[in-house]
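The structures come next, written out as structure tokens.
Next, two complexes with chain A in common: one pairs it with chain B, the other with chain C.
Our next item is the complex of A and B:
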């Protein structure tokens, strides 16, 4: 039955919006619609945080991270105390 | 307010100030484009980012004001709205007069200073709490 549910679930387009994330990964504010699962946004935030942290550990100065998918672009900037992440649909 | 709540408030205030500074980055971007010879129009992406920054500023303002009593907010909502509301888009900011743009900058700066004062007061409060903690008491003895 779970398999059937997942077939019916279908794919949804990631909406455009931005979020402010604290350095610990907590989402402070967001313009992304609430139907987008918080777990998805947390996953994006954690990827961004670990990217910046890895860069710092390897002595790279990263100002901005841009990840381009076919239907979405993620732009992340490090700020004092957290991160600003934008999800953009073409 | 507990120390944990105070730490959270300071963290949220710091993030808010960073978003507030992002707004000023857009004002500078507009000034650059106005001064440039070709006056390249803003892309949809840039306009959407600007709209998002304004949205986050207004949303986060409410979460910060929630830490304080409703009858004595440390930051005046109307003053923040007076900065954010007149500039509906980057394109409209290109068209407003220099005097109006300077007015928005002045108001932005006033609120920026108020935010810095607020975060300073919160940090002093946190220091007082830390010095009153059990460890502080033990070391003083």
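Our next item is the complex of A and C:
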């Protein structure tokens, strides 16, 4: 079903761009076009923060995380006071 | 075969019916595609149309796919049938094969899977009705090659094992070439025979394929059998003794083979559904890594579903002491921790090979 959804969504792929978010999840800056729903960006930020936090809770420190989907790649790096996130279309 | 082939596609999901109707209509043989959203409608359509191929979902309300298959097999014993299901269950596959279906396909999850599915449907349509026996199961690749060569066939045997795709070209009963990745000829043929499991498909021969193998098929298969014996002996002698490492399953555990690679610190497998580690090899803080993987995969998987990002293919994480790569398949995951000095451009290829070992 994901595959069918992907086929249908083919024309409105998530564009490439980057954003910085604070450690509390607030979007500080973004180069992602404004038509991309803010709910999507804040959900990405939320997942990134949760990924890094959970790693810390399990006693390992991550420098960078790359999440690959069939339609999009997300790269997240931890910076002082926040995170830098890149979205890349294949 | 004269006239267009007629395919009947049965699925209760209108999206699937519409999408695959379109895709199937565009196959090279341009078949006519009929659709039915229930088992009852399918049987009624089969009574009024001469169908060449039935593609049927299993999980449907009312008359389910198995009931349709039972009825259809009794009334149309020569009909070619493909089961097409979202359920990945070995028991269902066995029941379906027991009912005499030609192929069982999990509903494609990627463009590549969809392409392979369509190619196999085209392959089935190309086979002429009433010629040859069907329903060959659990035969290994050597058996199939031998059979095709002995029959003097001209075919292409396409083999798929995990993400690896390979082809063996047979012309007039002789193996003329093989390819896997960048390899061709005898080297490729030997590599293909090392694949431990997968699916194969018989396609028409590529007419203008240049001959690169000149050894007879008997010679090649004997040579391959000898190599396989040597590999098995070497594998066992190189693996650590079970009693030495305290790992009872060292001989069978693919993770142990992965962890032996010079670039790997540790490898582990887990079950996402039951939240448990299924195997480990090498040394690492497996519980911590497992906790992180289950948490992270759930989060990103859910994001992918909510926002149509496609399937979650891989998670990579850079940690000061290692580089983690995680891939999942059917609620199970494989996690490999690479040494930080491993060349970045070789990571994907290594992971692809490890996944093939893990799946096999």
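Going forward, the second predicted complex is superposed on the first by the 79 of 90 C-alpha atoms of A that agree within 3 Å, B and C clash if a C-alpha of one lies under 4 Å from a C-alpha of the other, contacts with A are read in each partner's own complex, and residues count from 1 in each chain.
Keep this in mind: a contact is a pair of C-beta atoms (placed from the backbone, for glycine too) under 8 Å apart; a residue touches a chain by one contact, two chains touch by 3 or more.
As the structure is a prediction and not an experimental result, all values here were calculated from the model.
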Original post:
If you stack the two complexes on chain A, which partner ends up touching A:58: first (chain B), second (chain C), both, or neither?
Top reply: second
Subject >> chain B versus chain C as contact partner of A:47, first or second or both or neither >> reply: second
Original post:
Between chain B (first) and chain C (second), which, if any, makes contact with A:35: first, second, both or neither?
Top reply: neither
Original post:
On chain A, which partner's contacts cover more residues, chain B's or chain C's?
Top reply: C
Subject >> Touched partner set for A:17, first chain B, second chain C, both or neither >> reply: first
Subject >> Touched partner set for A:82, first chain B, second chain C, both or neither >> reply: first
**OP:** State whether A:70 touches chain B only (first), chain C only (second), both chains, or neither.
**Re:** second
**OP:** Share the list of chain A residues that count as touching for chain B in one structure and for chain C in the other.
**Re:** none
Original post:
In the complex of these two chains, what residues of chain B are touching chain A?
Top reply: 11-12, 14-15, 17-19, 22, 45, 48-49, 52-53, 55-56, 59-60, 63
Original post:
For chain A, which residues are in contact with chain B within the complex?
Top reply: 16-20, 22-23, 28-31, 79-82, 84, 86, 88
Subject >> chain A to chain C touching residues, read off their complex >> reply: 1-9, 14, 40, 43-44, 47, 50-51, 54-55, 58-72
Subject >> Of all residues in chain C, those that touch chain A in their complex >> reply: 13, 15-16, 19, 86, 107-111, 113-114, 285, 288-289, 291-292, 295-296, 299-300, 303-320
